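Following this line, the structures themselves.
Both of the next two complexes hold chain A, though its partner changes from chain B to chain C.
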Partner chain A sequence: MPQKQIYARPALCTGCRICANACSVYHHGVANPRLGAINIRQNLFERYEFQELCRHCENPPCVNACMVGCITKDDKTGLVLHDRKRCVGCWMCVMACPYGAVKRDVLNKVAIKCDQCRDRDRPVCVEVCPTGALVLDLREDVPQEPFFTEPTIAD
Partner chain B sequence: MSDNDLARPMALNAIVNLTDETVEYLATPTEVLKKFIGGRGLNMYYLYKYLKPHADPLSPDNVLIIGTGLLTGTPAPNSGRHSVTCISPESGIIGDANIGGFFGPEMRFAGIDRLIILGRAARPVYLYLTEGRVEIRDASAYWGLTCNRTQQQLKYDLGTDVEIECIGPAGENMVRYAAVMSGVKNAAGRCGTGAVMGSKNLKALVARGTYGLPIADPRGLLDKYIELKNYMQKSKVTQILGRVGTPLLYDVSNYLGAIRTHNSQQTVFFDTLNAEEVHKYVDKMLSCYGCVIHCRHRNKLGGEGPEYTTEVMLGANIGIADTYQMIALNNLVNDLGLDVSSTGTYLGWAIELFEKGYLTEDAVGYALQFGDYEMMRRLIEDIAHRKGFGNILAEGSQLVNQYGPQTADFLIAVKGLPQSDPHDVRYIKAFALGIATSSRGADHLRSRPTLEILDLPPAVTEKIYGAPVDPNPMSYTSKGRVVYFSDNIYAVVDCMGICKFACHGFNSPRNLDYDHFSALTKLATGLEFSKPDLEQVGCRVVDLERLINYRVKGIDRKDDTLPARYFDEPMPSARAKGSFIDRRGFDQMLDDYYLLRGWDHDGRLTPARVQELENLTTL
Partner chain C sequence: MRYVIIGNSAAAVGAVESIRKVDQAGQVVIIGDEPYHVYSRPLIAHFLAGEVGDDRLAYRSADFYERMQVQAVLGYKATRIDLTGQQVYLANEKAIDFDRLLICTGSCVTKPNIKGIDLRGVTTFQKLTDAYYIKNQSRSKSRRAVVVGGGFIGLRAAQSLREAGIDVALLVRSRVMRRVLDAAGSALVESLLQAEGIEIIKGRALQEIQGQNGQVAGIILDDGRVEACGIVVVATGVAPNLDLVTNTGVQIDKGILVNQYLQTTYSNVFAAGDVAQTYDIPRGIGFINANWPNAHEQGGVAGFNMAGARVPYHGSIGMNVISIGAVPVVALGITDPASEQQAGYEQKTRTNKQQNIYQKLVFKDNRLKGAIFIGDLGLCGAVKELIREQTLVGIIKDSILSENYQLYGFLRKKRQAQLEGRSIQWPETYVTQNPYRKSFNEASWTERERDERKWSPQGVTQ
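Presenting the complex of A and B:
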């Protein structure tokens, strides 16, 4: 089954945090971008917006790191899913994720993790984004560009 | 999400007494919430409660209120705003400024909906808000830093995930038009709220919000948000605002011949400040919390902005035609924490006084002339640090008492507050009535009635305003109704914590109307407000502000006026050439407006209405 993934187009992101807030409202019924699974890391003084979102990796470091086994990779859909009820809040997944895509709910001591809104056609973050900075696309359709490139060294 | 979130009251106030270093917590009763909603409305309610009418605004007796709107922080579109309210040290009447950015929502996530700050701290302090508590902390390490440095240092010390609102050197030195700043450019700019914060030795407010804000109908609200986002983004003005921001208005006003130039002695200026020229200096457009419009520029000179207001107040009005220089001044003023509108107006005014001989080179120390960039930079720095002539100009409109009443004729201000909007209002009469009657002084964000220049069909305007209005912007008839309508809905949008750019009637008829607010408040909070309820709230807030202004400074008809230049000197150029405000026509507009408001001929509230408001404020 072809797998879809949420991609960010950073140049279009204006830093409004509606995606993260909508994620929180949709999943938890309360508003606070901090409780959303997507995070817009913005620094107005350093002048950047960086979209931290789950890639649902082929070989997910969070699954390997989880001590209680509450994060699993669903073989059928390819989604990496997190069971809140069994989570003990050890934050190993938070540390292991290379993309900063697992967040902490410090009040309830559980991890916050993207489930790509399984019960919806399109994830809520993609749907609410006012600028189209978030897109849901087939992995196969995305050109295979390396995510990190070597720094250019002047001669 | 967690049980304790749902138990929180809908509006929790923290009453911080800086003199005694105590904090009390008090929920706003629901019946008061129904009458004043939140934001500006509830701020006015508490301002009235804590008001000491004849106290010096810069004394510990003044109260500083930072209040979020009812929808601030929810997924309602453009719900990132809150209001900062006090008695203004600049005008002596209501000081109220609305600010975007991220601090307001963060404050609500930290469990505090409103801060009521009393007294004066013995040493520099900042307030730290988290998990429903307010801590008073030492800020001596941050005193003296500019707005950007203060916030960067606080984020370095406390972690990058906090949101901050602070004052810069201008606020610390109690410049009478200092702003409260958040982020690089967001400002509660008007009325010298920053000076009041400085007078309390309060350097900053810091919030870290870990609580979730309960939403009555989460999925319903998200669906509503998506519907409204699609609706608003179809508006042409919204689309252009998102592309180039407010500078889009510069062209239009300049073509009309209504750009305040050289302290309103002229009305057209160079097209080097057109939107496309400004946009060469823009890296990216940004937005405040929850915004679907994104009108804020990240400029290439290290700051954010400029807005249309800055372009003119720190451009045309002081004779700066170079785009780079204007943006550099914009960044400087924001970093120092000064109000752009007031700063630009006073600079233009001082230069004209210098030209006319009221100010001499001996008194100033150097020559003041339009277009002198180096002089402007120096003077702006001096104002913020209260050095030399800057120390004098930092007194703002209070200088009229010193320089003589004839100098007031050249000051583009009403009720002691300089005009914010760069638009010369001699052409659009409703606009003139709006700035004359605005509760905080010459300000366009109280009513800005400019829909009529969009050439909308009469049926559409009648539907908007509830009665037929004259489509000719030059006529004096039916303008009272236009201002009355705008006043009311803008008061409501300020109570909600939503941006005016998303508000019906501000610059597009395709925006959030009363019905949308009813639906949003129902879905977000469960509270029901009908359209007439909301209109009543608008009237109530405007009336309460009028009452406060009357109590503190006897504001009535004599104060609802315009700068002398608008009455006496016809506009000199372009399409608007020859326009001026006819005193009889103006009086007729005032009569119309007072009649709709139910005020008497002198612009005062009826005794019955005063009694009604007083009964409400004892709730």
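Presenting the complex of A and C:
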């Protein structure tokens, strides 16, 4: 079964990080974008964007890497879930995730990972996004890259 | 179908989970020589430090064996394998039949053969029993310990003992984490360890362990110096447990040789984890990358193949992560070209002494071969993926550590191609075209360039 993913449509994202703040407020009770499980690095001036958010992969490297066994792939919902209570902050998952989607909560020594707000209908980040750039959909439907120009090869 | 798994750790759990995804009916037997439910080996360091209790050591929930319908034979060591008769013999002479066998017996620390190695208080640091042992020893006896060996296990042991409030001296032959870090990284890690209150004795080897009434009293170094201590933790490198397969016809090099489906010489016998010599992606040769993520992944792949689904294993890379105080240290792949046999490696580093940041990338033939991230993890996950896929990164060599738009664009483009299921032919290198280079060839100038040239200051060499 294909997994629904949160993704940002780069043409609409302004890089305001309201999503990260909302995530942090909802999950941790403080407004700190560094504690949010989502981070869209969007720079409209230098024209780049990089989406640090969990894809809930089919074969997640973080599940392989987690030495505590606190990251599991839920067979029913397809979500890759992280148990904060058991996490010891070894940062194995941070090293393993190719998308940089797992963050570090350095003070509490636990990893931060998206759970797609499974107790809500829609994730908070998707709800608060002011431009509607964030969507929860079946596939990360990335349009043709408008920013990066092909590097030329020297003769 | 009857699956037998020798070993009860990361690779075994991975294998069981994969087998059950394909085959719900077959019998699965796990043979573990330790009498515990599957627990996390790396967590014993946190247990010793007092961060977690022994109730949190479990790697999978208590009903894991029932849920997966696994018959767990725990507390018995497998002593012999009969490959033609397809039987595994246990220490109590019981025989277990198998159709498919997975060997994931892991590795163990090789204790040096010196005087006093059998004294009370001398231990390794690999298993839960070791952690219990050290905890008891440290409670009753000495407040000072010596850790022999500056590898990953040695460092974890030293840190945990220090956090538990015991004075620790770390005895290293050359430098800390010699196998996974380069000299500069080692030096930084050493200074961080010293800031944590761990004494480091460098360049000396262990000669003898002194005892008193059968209990450790101190160690003698090879220069005759005596260090008093009550606990000696031996962590001088690990070797795979190959006793089971020696002289059985299974081919062995440093570890058990496996093909890309993790099969050994016998097609119904598989190997995974620290005991298997798999393809090392950055080195391009067979190599043992003994760490937790690789073991779980290999176990998973072996499980699929045992159950009949053909899933290839693409190879492993060495990856280690350790936190020293608040400073994370990540080492991936080949980090020290000086210790490699081949030549032609290229390095890029970024250092910030004030903030304890040291980052390093190792390239060869425009492909990433390894990386070190200390202090600032940057995009280490993405870098790990670039190493794993051996992508041509010649065009973004300078952008990876500076994390500029070119790196993000590259990753984005790669992701997009991955989603669309096509591959990109990346150019080998990217040389910035210098507009002034043209100026030496006057014939190629445009009218406007000639004009600009006329008005540029005289005598300036471009």
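As a working rule, the second predicted complex is superposed on the first by the 128 of 155 C-alpha atoms of A that agree within 3 Å, B and C clash if a C-alpha of one lies under 4 Å from a C-alpha of the other, contacts with A are read in each partner's own complex, and residues count from 1 in each chain.
The criterion applied here is as follows: a residue touches a chain if its C-beta (ideal position, glycine included) is under 8 Å from a C-beta of that chain, and two chains touch if they have at least 3 such contacts.
As the structure is a prediction and not an experimental result, all values here were calculated from the model.
Given the touch rule stated above, what does A:V124 touch, chain B (first), chain C (second), both, or neither?
first
Who contacts more of chain A, chain B or chain C?
Chain A has more residues touched by C than by the other partner.
By the touch definition at the top of the document, which applies to A:G29: first (chain B), second (chain C), both, or neither?
first
Please indicate which partner A:Y7 is in contact with in the superposed arrangement: first for chain B, second for chain C, both, or neither.
neither
Regarding the shared-chain residue A:V106, is it in contact with chain B (first), chain C (second), both, or neither?
Touch status of A:V106: both partners.
Touching A:G15, do we find chain B (first), chain C (second), both, or neither?
First partner only.
Scan A:N43 for contacts with chain B and chain C and give back first, second, both or neither.
Touch partners of A:N43: chain B and chain C.
For chain A, give the residues common to its interface with chain B and its interface with chain C.
43, 47, 49, 106
Tell me, which parts of chain C touch chain A in their complex?
10, 13-14, 40-43, 46, 51-52, 56, 58-60, 292-293, 296-297, 300, 319, 321, 323, 326, 328, 330, 332, 377, 379-382, 384-385, 395, 404-406, 408-413, 415-416, 419, 427-431, 433
In their shared complex, at which residues does chain B touch chain A?
Residue list for chain B touching chain A: 1-2, 4-5, 73-75, 102, 109, 148, 151-152, 155, 160-161, 183-184, 209-215, 218-219, 221-222, 225-226, 229, 233, 242, 283-294, 298, 304.
Provide the residue numbers of chain A that touch chain C in the complex, in ascending order.
By the definition above, chain A touches chain C via 41, 43, 46-50, 61, 63-65, 67-69, 86, 88-92, 94-100, 102, 104, 106, 139-140, 142, 145, 147-148, 151-154.
Under the touch definition given earlier, write down the residues of chain A that touch chain B in their complex.
11, 14-18, 21-22, 24-26, 28-32, 34-35, 43-45, 47, 49, 105-108, 124, 127-128, 130-131
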